[in-house]
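Letters A, B, C and D mark the chains as written, and numbering starts fresh at 1 in each.
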Amino acid sequence: MTDPELANSHRDLRRDLHQHPEPAWCEFYTTSRLVDELEQRDIDDLLYGSAIHAADSRRNVPDEATLAEWRERAREAGAREDVLDTVGDGFTGAVAVVERGDGPTVALRVDIDALPITEADADDHDPAAAGFRSTNEGYMHACGHDAHATIGLGVLDAVLDSEFAGTFKLIFQPAEETVSGGKPLAESGVLDDVDSLLALHIGLDHPSGEVVAGIDEFLAVRQFEATFAGDSAHAGARPEDGDNAVQAMAAAVQNLYGIPRNSAGGTRVNAGRVGGGTASNIVPEAAFIEGEVRGETTELMEYMWERAERVLDGAAAMHDCEVETDRLGDAPSAHSDAAIVDVVDRVAHHTDGVDTVVEHDSLGGSEDATYLMQRVQDHGGLAAYVGVGTDHPGGHHTPTFDVAERDIAVGIELMAGVVHAVADAEPVS
Amino acid sequence: MTDPELANSHRDLRRDLHQHPEPAWCEFYTTSRLVDELEQRDIDDLLYGSAIHAADSRRNVPDEATLAEWRERAREAGAREDVLDTVGDGFTGAVAVVERGDGPTVALRVDIDALPITEADADDHDPAAAGFRSTNEGYMHACGHDAHATIGLGVLDAVLDSEFAGTFKLIFQPAEETVSGGKPLAESGVLDDVDSLLALHIGLDHPSGEVVAGIDEFLAVRQFEATFAGDSAHAGARPEDGDNAVQAMAAAVQNLYGIPRNSAGGTRVNAGRVGGGTASNIVPEAAFIEGEVRGETTELMEYMWERAERVLDGAAAMHDCEVETDRLGDAPSAHSDAAIVDVVDRVAHHTDGVDTVVEHDSLGGSEDATYLMQRVQDHGGLAAYVGVGTDHPGGHHTPTFDVAERDIAVGIELMAGVVHAVADAEPVS
Amino acid sequence: MTDPELANSHRDLRRDLHQHPEPAWCEFYTTSRLVDELEQRDIDDLLYGSAIHAADSRRNVPDEATLAEWRERAREAGAREDVLDTVGDGFTGAVAVVERGDGPTVALRVDIDALPITEADADDHDPAAAGFRSTNEGYMHACGHDAHATIGLGVLDAVLDSEFAGTFKLIFQPAEETVSGGKPLAESGVLDDVDSLLALHIGLDHPSGEVVAGIDEFLAVRQFEATFAGDSAHAGARPEDGDNAVQAMAAAVQNLYGIPRNSAGGTRVNAGRVGGGTASNIVPEAAFIEGEVRGETTELMEYMWERAERVLDGAAAMHDCEVETDRLGDAPSAHSDAAIVDVVDRVAHHTDGVDTVVEHDSLGGSEDATYLMQRVQDHGGLAAYVGVGTDHPGGHHTPTFDVAERDIAVGIELMAGVVHAVADAEPVS
Amino acid sequence: MTDPELANSHRDLRRDLHQHPEPAWCEFYTTSRLVDELEQRDIDDLLYGSAIHAADSRRNVPDEATLAEWRERAREAGAREDVLDTVGDGFTGAVAVVERGDGPTVALRVDIDALPITEADADDHDPAAAGFRSTNEGYMHACGHDAHATIGLGVLDAVLDSEFAGTFKLIFQPAEETVSGGKPLAESGVLDDVDSLLALHIGLDHPSGEVVAGIDEFLAVRQFEATFAGDSAHAGARPEDGDNAVQAMAAAVQNLYGIPRNSAGGTRVNAGRVGGGTASNIVPEAAFIEGEVRGETTELMEYMWERAERVLDGAAAMHDCEVETDRLGDAPSAHSDAAIVDVVDRVAHHTDGVDTVVEHDSLGGSEDATYLMQRVQDHGGLAAYVGVGTDHPGGHHTPTFDVAERDIAVGIELMAGVVHAVADAEPVS
């Protein structure tokens, strides 16, 4: 087995992105840098800004002050003003199109956002040792999206440098971590002509040299914020004047977790962040729950959602409070099509650096690539979600997460091979 | 101090009543026996049946099967058919009127119902030793209402045997233990011409020889039954099909006790009897709470009631259940008027067998004589609630409760004295 | 397809058992009748009473008064005194052994207990119309165990009437409905020499003519009763003196349902029957939960059990109550071995009256045949659980449940064929 | 009635303090300014720093970073370095002693801390209009302690300017708002020789011209923080690995409010500020409750505390979490002695600017002057808490609270008169 190596230009890109981690909908520097790269290549179309998002379907877009702060950071890091003008209101990401004559349309989707985690600064953390640790203190590429974006561009380069016949679309999706970017991108229609969609993730506890041909069992998810409003009162002098929002919230928490199990499959519920009240001697007038429900199918998630809304409403009513429940991000369940998974399986067996191919694995969590997969499948296309192993020192979403650059090269070779094979196979009749 | 002694006829009455304890609204034998006694006396009017009750205000009347069972028991014990015809649908109790020329109208209210408690059968329990233990197994005069009824008749005899000038009304009230008899009696109007109302209780942890001139601090109370209806399901195969009435009930219990304290005074809440479900493997479709709320004032009780209804409704809604909340018995708060309390105080100091007079004491619990007191006070009259001590071996509402018959005689002399004194004092201008 | 018909003697047995439904551990008449039948046959061994039960592993055995009541009913129905002497303390069921030379040991397990359900009495309910409705009012064979027992005896008759070579064990298991009989039977060791164990269920929403070759996905289950003990107090006068067992129970209910889901598979929890308290004005001193936990694997059930115990203990501690949690019945998960399932599949295709063979189905619920299956599998044998369809008018565990007698005949032919085929195939190497 | 007017020097002091509001234990500028004032006067002793506090009894002292920040602010505002050195670690406040020959020891206690409230900046808010609005943005003298401190110094000036015979102690107490300063001051012993202690509050919804001779019914209070520690887990992938601190907290909240009412008097409980968790998709590993319990007596507060600790422990145990419950500030109940109240009543009737004297009023809330009152009473002295009315435009603890300076002058005259009268009356035999 030859040892794959990452091209210098790809390595530089990966490290630059790693140094500039940006949260969901604020990937301003990232988008600018990617647009720059794309414009230097022989592509046929380049879309970004509101052209690639159904604006009303975006969720979790930060407030204007936060957007402005990140625009300013991007500007200081060297982002282009013209790109900022186009994407600066929370329309991040980009789509590149390469048309090479007759043949199917194959798309590759990669995600680009980072996480609010402070990156490790120890010598045994490679990005710190090698000088490309996060410069946005408190934020970090702790889930490998810097590698994903690099793989995307690497595959594009491979396609451009080949005899590929057909159309290739490269999708840089923002806001995956808040499961918010998939839906507006899907609903924009940019994928509606796609015959085969590929998505991928690096790591996921699979070691270097291992590929998962098809990942399945995405849990459908819906995140929400419930805000309880009651009336405050002095807890000593006038407790009877209060309508206690914390009591309402606590009753909701107790009963959210008590939503019945479902014999049709796994479900989840979590009140992941809660709070309320201002001082020990004041009956709390406000409280909130940031939570989520999930299901092994979209129907199961909707079952949980319906019950959760009922619990939230009833809990508020018990204590004469109002509750407003806002849906934040969500993602449906989805499946990888066997026809593509078979292709991945076959290609992986001939890819340098791959020594093990796992046919199937389950994700366990959620991911809004499913919106894109479902959209393509609903339009008659096929889709698959591929895993590329890497020996990551820390777990995903932890300060010591890292990706072996060699495995980025493997990812590029693998996915480029799959793009070609899928196009040749013309899997859609 | 002369030792008071109970007249033979009064002792016989008391023991006969003690042998025939009957629950609320089923005091059929008791009423028949009292009517018999009253008809043998020189009274001017005798009312019983629907004439003394606002029928729609009655609560907690047992179902027809239960009424029929107790009518049959009464019949077997020798109750008169004509009385049963009049009171047998749950219109128990009686009112006797004595008119003796000009003078104020003075009323004495005593209660007559018993409790679902199995009476002690040991040799040291006097009624058992002396052969007048309950013959209605499972029921018992465990709160002294047999003594109260006897004191009532004793006072009537004293009035008839005296120079009393005015009108005397003797009220035998049913259904005190379920706080259900006071309201319909009050609303019937039989007390609307009363200038001074006296009510009394024996025992209450006061020893023989002690009198409480005025009892106050009755907690207003409302009892209720909440019935939750959901949908059952197999707990293993189809938990998602259930709407769990026990979850709704449990949420209600948790939050009922959490109703805020009130700075205006003491409140209470209790989910005293609860239940639900049928088997460990079935999602429960039904559940119930028998409970109560109280307050140091009627307003405080209503505050608790409003909050309780809200909790019950919200808890049901959380679990997609229906809840029906029925008000059972209730009673307002009330106070003893100082003008009468002063008279009681004065008379008690000259009553044989009384060695201590306590001016005031608080009841702590509830009692629906308050409906009658409030009615009289609302019509411009005065009212007081008097305590007559007795060394009771067991606590109220326990199987060994008993009353010293000597203290029944004290009660008769005391209350007869008060009736005269109140009439002479003409406390109402 | 020939139309199978039930032999007269088998029909009579089935109807006699149907007329005498008996609850778990009280199958006295049933056992006596079966012993009678078995003694009339050419069998080699007959075991019943404490010989077939690990006495200490029995759960849910009714109290002596209940046992005595059912012994008396059995006696009146004609049960044999000698059998009652042997099984009357809750050692019901029987094991018959037929030894026919060399060959594997094949066992068939059928269950025999009934349910506390009042049987329908309408003309369209066959047992009522044909005169063999339950004579134990309030109890009913509403899950087909009368048919199971009859199939067992029918298979025995077929084996006796054949060239079967090997050992055949027929197990009549008591107390399945309370998942209590499987464990003591398994632990008695009577199955430890079994090479192949068959168990079966009739109905389960499969129509007449359909057979399920292998039923799987038994949920492991554990039933429990938690008893909370606090202190009572007068809810108006002394609420602070109470330690409220109903508050503890309600807190437990709320948090039992909130035990986290498990990513390893489905779990269940149910507080199926709860209660507490005595009267609306008394702080409750006692409360209980009859509940259960389940899991798709035994480990998942144990996960739920560990969490449930913690919740119960913590809830009691919160309100200064004691809780005692008794394990009632339980059953592990189990699986049907493919080797036997294949045999069933093959035999079923050649059985009169069978027109559809379903290879696999999931039970959804629980059943303690799994204790026996697991025991046999742990000792190196194989096991399978077979479904025999029937058009049952009402659902299992409902008053109109019934079994077509024709399908009992199908069950006999099918299982007899499987017993022979399994013995011939010598599936254990 | 003469219209009282505040002396210029006192007005300047009040306004300077109002401009420099400092939170509990951070009253550095305030203490420095007061020490400055006291040193300019003919007093016999001046104590501050650790001399006046039992160090281990201090609660709620901010962390060093916060202390450092407020020391720096004080320094910038002109505080004296020597004073900062002495009080800068959270030993704020001061005690001045005047000895004027034989006579009783009379003490006056005033409090000096401010609140984390942003002061109003409108023209109709006098401090804003007159240019002495808070310069510590986000903090405000919203409860009149600037007036209290000024009254204290005013009374000292009156005593110094009089024929007062005895010892006068002026106590500037820090950290009243967090009920933390009273206890360490009391336990330092500086009050142990006091015969008569006076404390006062301005406002409290009493209008200008009204004095309350004796305030009573302080609710005993204890504040606490409970910190729950569990284990986090991915809510989608591994919910079973979590020990959910938010579930524990919610269960605690539900059951804290459900602590039984107490027939011995009013109680309170509040979970005033709660929180937990980090993100919607993480099972929360940490949560907290900042709360309090109160009682009309110290015993009732302890009853609530005992029950609250039990609830917190049980709730944590239910969810396999740890909980650490820290007592923050507390204060006992206390009463005003009639002997001093009578003196206040008498003096008030002859004080300029006072037109109404209310004999008694209840506080409704809590205040840790009670620690000082109790200490004095335990040592054989007497104590009273006096109310001085003022027309305050906004409520206590709101951004528009203000005090009429005329009423500060009334307070000085009243309290100076009381100090003299108490000394003359020699109320302690």
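In this text, contacts are C-beta pairs under 8 Å (C-beta built on N, C-alpha and C of every residue); 3 or more make two chains touch, one makes a residue touch a chain.
Because the structure is a prediction, the values reported are computed rather than measured.
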| item | value |
| --- | --- |
| Shared chain contacts [subunit A and subunit D, defined touch] | B, C |
| Chain of greatest Cα-centre distance to subunit D | C |
| Contact-richer chain pair (by C-beta pairs counted) among A-C and C-D | C-D |
| Whole-Å gap between the CA centroids of subunit B and subunit C | 52 |
| Whole-Å separation of chain centres (CA-atom averages), subunit A against subunit C | 49 |
| Centroid spacing, where centroids are CA-atom means, of subunit C and subunit D in whole angstrom | 69 |
| Junction residues of subunit B - those touching two or more other chains | 237-239, 244, 247, 251, 254-255, 257-258, 260-261, 263, 268, 283, 364 |
| Complex interface listing, subunit D residues touching subunit A | 219, 221, 223-224, 234-239, 244, 246-247, 249-251, 253-254, 257, 268, 270-284, 287, 290-292, 294, 328, 364-366 |
| In the complex with subunit C, residue positions of subunit A that touch it | 254-255, 257-258, 260-261, 263, 265-269, 364 |
| Touching residues (chain side subunit C, partner subunit D) in the complex | 237-240, 242, 244, 247, 251, 254-255, 258, 260-264, 283, 303, 307, 310-311, 313-320 |
